[in-house]
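To start, the structure itself, in structure tokens.
Just so it is clear, A, B, C and D label the chains in written order, and each chain counts residues from 1 on its own.
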Amino acid sequence: MVQAPAIELIGIDKKFGPVHANKNINLTVAKGSIHGIIGENGAGKSTLMSILYGFYQADSGEIKISGTPTHIKDSQAAISAGIGMVHQHFMLVDNFTVLENVILGAEGGMLMAKGTAAARLSLKQLETDYGLDVDPDAVVEELPVGRQQRVEILKALYRGADILILDEPTGVLTPAEADHLFRILGVLRDQGKTVILITHKLREIMAITDTVSVMRRGEIVATRRTNNTTVEELAELMVGRRVLLQVDKQPASPRDVLLSVRNLTVMDSRGVIMVDNVSFEVRAGEILGIAGVAGNGQSELLEAIAGIRKPVSGDIFIEGKRVTGYDPAHLRKLGLGHIPEDRHHMGLVLPFEESLNSILGYHRDSRYGKGVFLDPKAIRQGAEADIAKYDIRPPNPRLKTANFSGGNQQKIVVAREIERDPKLLIIGQPTRGVDIGAIEFIHRRIIETRDAGKALLLVSVELDEIRALSDRILVMFAGKVVGEKTADADEQTLGLMMAGIAA
Amino acid sequence: MSTASIPLPNWITYGLLPLINLLLAFLISGLVVWIIGENPWEALVLMLQGALGRGEGIGFTLYYATNFIFTGLSVAVAYHAGLFNIGSEGQAYVGGLGAALVALALDHYCPWYVTMPFAIIGAALFGAAWALIPAWLQAKRGSHVVITTIMFNFIGSALMVYLLVHVLIVPGKMAPETRMFLEGGQLPKLDWLMALFGLKLGPAPFNVSFLIALVMCALVWVLIWRTKLGYEMRTLGISRTAASYAGISYVKIVMITMLISGGLAGMMALNVVMGSSQRLQVEFVGGAGFVGIAVSLMGRSHPLGIIVAGILFGILYQGGAELSFDMPNITRDMIVVIQGLVILFAGALEFMFRPALVRLYQKLS
Amino acid sequence: ADIKPALVYGTGGKFDKSFNEAAFHGAEKFEKETGIKFRDFEPTSDTQGEQAIRNFASKGFSPVVAVSFAWSSAMEKVAGEFPDTKFVIVDSVVDKPNVRSVVFKEEEGSYLVGLLAGMASKSGKVSFVGGMDIPLIRKFECGYEQGARAANPKIEVLQNMVGTTGAAWNDPVRGGELAKNQIDQGSDVIYAAAGASGMGVLQTAADSKKFSIGVDSNQNHLHPGSVLTSMVKRVDLAVYNAYSDAKNGKFTPGLQTLGVKDDGVAAAMDDNNKALITPEMKAAVEKAKAEMIAGTLKVHDYMSDNSCPK
Amino acid sequence: MENFDMFVSILGSTIRLSIPLIFTALAGLFSERAGIFDIGLEGKMLAGAFAAACVAYLTGSAWAGLAGGIAVSIAFSLIHGFASITNRGNQIISGVALNFVAAGLTAVLGQAWFNQGGRTPQLPFDARFTPITLPGVEFMRNVPILGPLYTDVISGNNALTYLAFAAVPLSWWVLYRTRFGLRLRAVGENPGAVDTAGISVAWLRYRAVIVAGFLCGFSGAYLAIAQSAAFIRDMSAGKGYIALAALIFAKWKPVPVLFACLLFGFLDAMSNFMQGKSVPGIGEVPVQIFQALPYVLTCILLAGFIGVANAPKAGGVPYVKER
């Protein structure tokens, strides 16, 4: 007799308002296997898993666990069906101890005393079984992210999960930590547990999974046995056509130094040093790329240069002028453009109409009104020019920005920053969550800007993007610049540097 | 499927929805009236007659409306910058001190039109001053402005009582109030304006402050939608991170916004102190600062909406006073109930009917 | 002639069982006797009085009686606006040709209850809880002190005020708390001249098995056995007289002062406090009254020089 | 010895004035630790006081009055919950609204039903919570120092006073030692964590606001049928806001809440005691100083000059799963 699959999803459908996040999904995962799900940002991976975990309710469809149709009405139901999930954004109570977090929802009675004692024992057991060691009395917010993730896994295992879902677990991990995680996943599989691993890193999929499904725009477009497929095939399936992230560009002809950063040290809001004594220069007519795993200080570096975050020490010069501690408005006047990493929270004011977003940061400019006043007509005309030039759709400057798609929202930001003709442009994650057509368009504009003699600093966690655009590449790890390479450096070397392993 | 993000046309969001909320508030108030054994319909008619029946009633209605427009603007300006100023009550109270000091100083020497500009400045300055510390605490120390403005309402009240009882009281008089202002410290009534419509104002204290309030509405509109400062306030009100990205100083905008808000609240004192009672009295604000919250919510923080909502509450206050005259069983406190219900339905429960309306709208269109 | 009488209360509210209630009873008595209905209004804040007075005047009511000093500025204004309307103010003086001002010699009535307090006290300490801290209330206190001292020269008189604004008339919790403090300090007779706040004083005295003294209305029935007496101030009489004078065309503006001689103030004696008042106490009160009427006993009026002789 | 008597008297007064603050601040504690801000404490206390007085008057029983106060206060809580949990409305606006509704409704109904200017009729002795004399008072009376403290401060209070003091450790125990408390604290910090643990965020928050209503019922009852013998309009007189201030001052922790409330009660007692007395070197201190001091202190605390007061992280933010 064939063993029933651990999970069967049949015809799962889910809409968030106008967004069709999951379209008629069918998926089968065998017991005792590691199943990968890949897909671009916004493809619907998290949504699908959250439905399986009972966090969201599907609009229609059926779920079978070990062959039994199961109605998962909330996470409690999922937990009792043996499902555990480690969310993309951790679901931990920061000011609780590890122990409190682990027993939350599984306290084993009205009073905590008995539950905590039992949990303490069982954590010991899990530590010896899987090598998952965490101090049960540590307060979560004081733990590094890698440890926090372990707490999440422990939470699931403590509840006796047979099926473990991990949503982009390696996004925040160093390669060493990721390897450790994969070893643990291997142990889990060997003990008969089923693992679903969500990621958009193809290498990870190839390294650890047994089977893999590809999601695109809310649909599962293919499922393969991992050893029957290749990275190239998966990539093509993921984006729906052959990926050619090669951008035509001439070799750079760098001129004067425009941006110079010297011994810069920056802390994040918790007071942790995120940028540690970093120095570099960017010249007119070149793109300097900064590669690194997310969370290694790139965001803080960009924010410091943009004037949003005050550095602890060190200096920033623009055209030889010391600008350390200047506010963003002042820096803009000196010719600094900034395409921020997070368009929803920084680059745009979503409830504003489009035209108002096309002046964000430049609103004090006399072009948009004399003295203290704003001139709506001038603003709208400027916005219309951007819309035409960047093919922003729909071409309506009065439409609420929230009603544009992600790609078009990003174009609004890019248009604003490039068209205000900066001398120096700093760019964070220019194509995150953007569709392939828009990616190409944005990449072309970035190269054109370089060719117009501007200095560009580009931060991206997508190594391919860095390699395609940059003239020189710096690699950041743990807040430090660990090395510089040229654009033709091979992926292997860069990957190792990003892991902090070799120079 | 969630319906929260589906856009509705403006006439529903700004017209129909507030109307439904208002109707519901009235319906429940009617129920209360019925429970205490009076006829809600009769009560409504009496109220409307009292508020709009004669020139005098209209005069009182507009007099109250003037208060509420000032405090409504005060709440609204702060709201645009994402600040919830619950302190308009206290700011208006302290603003009264500014107006009174100017009136007491100048009424011997100047006619009203000379006193008035100074009084406006005095009232606004004192009101703004009372918003200063909560603003600073919010901007620099991150203390929630809601809590600190509540605290400052109480501190302001204690301060004003102290001043009125120990400093400003007329020696030998018992009531804690200043002396009556002379003509030069009194704002003239708008008899002529009423006469244009063929109405007699009678003794109602409807005065020049109303015109000042309308001017402030226009200025606030320009400020919010036509100036760079207003743009910065609105940006900050929606997204603090976007504001910091755009080089908008959080500290500066919070301070300026709260000062403007406090100043507008302070100006409300002109209407009562110089326009009506001609002296500074204990508790003269009488809750108008809190009504401003309801007015701003009903008026969706837009000056036009605030004028409409202000007049509506003026009708409630004047009509309510008349009603309690004619139906002694229904005390003036009924207005407070209605006010609370309006805030509840138009503010806290604003999303209650939205999903149903969205469905209906989608079906019909 | 038929009149349209109106009455505006102080902020303590119509049923404060004290000052305002006395006014109400006067109006009610007039209504019962003549069948002429009166209209009344209870302002709840210091600013509402003016609108109420004006409202009555503009609707043709006359005489309009406003009880409480708090309405003096308001009446001064409105009386000027309606020169044909008759106004009466109680507890304050408004100098207008159409206003009658009625004030009482509270010092005399307070002297009488002070005398009783001094005689009833076993601890040698008596006390006073005033409403709002104004000269008028100090006048009550001063008369009380003089009476108590007449009974017992060594007596100690404690005093507290509930507050400094109109809200002080309506805060029985604080009234009770102040009374409790005074009891803790040894007082065994407490005189409350605090409007509705006095209710808390009387309650606390009853709970603590001490004596209290009511004010304005006869409050002896509230806690029989604990309320020693009440300093009745005939606000009812002022209201009643205003209406009936107006009805009979005998209304006169100007100042009226009501004292012991006019039966305007007195120490209430009834069945409720019969057991508490000894014959000696009764005799002492009668003697003092007789001396006041004869003019041989002059009780110092605090408001005449804003001070109280020690 | 004079001074000692004074001290005992102030202490007794402090306790009497602190009790409503303790109940109310604890109510706020449960609500706010669960992530629901509660500006409406004042209104709940007032509504509870009114209901307690009405029911006690009609039934002649203090305990029935207490139950009535609790029921009405919980009803107000449920409206707050409906607005801020179910409809994801603005919690501050909802609280403000309920304060108005309570202030207005109690006065309107009180006037309509009893015709005494918004007051309820005076309650007879049995319909109130009256002082309880603890055993051993007679014996203790003559013991120096401890005697007066026992007889005049500890003994002779009403049942609700003792319940208030019991409520503090009980609240601590519930918050830190029970499953409900663990979940409640979690939901105020990160409702997502509670939701993914399979616990209903809405129901948990509803229970928290119900507990808040329950406790406000006690403070209302204390005002109307223990401390006084009737309901008077606006009798809460800002105590709800003082309690809120005390809650913030205590940094949202149960035991510090007790001390913050005692401190603010002490200030209130001092404003009574210092009236008309002059302080050597300073002269007469205006009562307004004492009235304003709790608010001033809280602002100073909020400014971060006396440690930092970190509000529960998810406080004031409606929990939205699907945007």
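Here is the rule we use: contacts are C-beta pairs under 8 Å (C-beta built on N, C-alpha and C of every residue); 3 or more make two chains touch, one makes a residue touch a chain.
What you see is a predicted model, and the numbers here were worked out from it, not measured in a lab.
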Quick check on the contact network: minimum steps from chain B to chain D? 1
Using the touch definition up top, find the fewest steps from chain A to chain C. 2
Centroid comparison with chain A (C-alpha atoms), farthest chain: C
Chain-centre distance (mean CA atoms) for chain A and chain D, in whole Å, is 47
So the centre of each chain is just the mean of its C-alpha atoms; given that, what is the distance between chain B and chain C in Å? 38
Can you work out the whole-Å distance between the CA centroids of chain C and chain D? 35
Touching two or more other chains - residues of chain A: 16-17
Mind pulling the chain B residues that touch 2 or more other chains? 2, 4-5, 161, 331, 333
Listing for chain C: what residues touch at least two other chains? 42, 44, 164
Chain pairs in mutual contact under the definition given at the outset: A-B, A-D, B-C, B-D, C-D
In the complex with chain A, residue positions of chain B that touch it: 1-7, 222, 226-232, 234-235, 238-239, 241-242, 244-249
Seen from chain C, its contact residues with chain D in the complex are 12-16, 42, 44, 159-161, 163-164, 167, 170-174, 176-178, 180-181, 184-185, 196, 199-200, 203, 207, 222
Mind listing the chain A positions that touch chain D in their complex? 16-17, 53-56, 74-79, 85, 87, 89, 91-96, 100-101, 103-107, 109-113, 115, 155
Which of the residues in chain B end up touching chain C in this complex? 56, 60, 161, 165, 172-177, 180, 202-203, 272, 277-279, 281-284, 286, 321-322, 324-325, 328, 331-333
Complex contacts: residues of chain C adjacent to chain B: 39-42, 44-48, 50-51, 54-55, 58, 69-70, 72-73, 76-78, 81, 92, 133-136, 164-166, 306
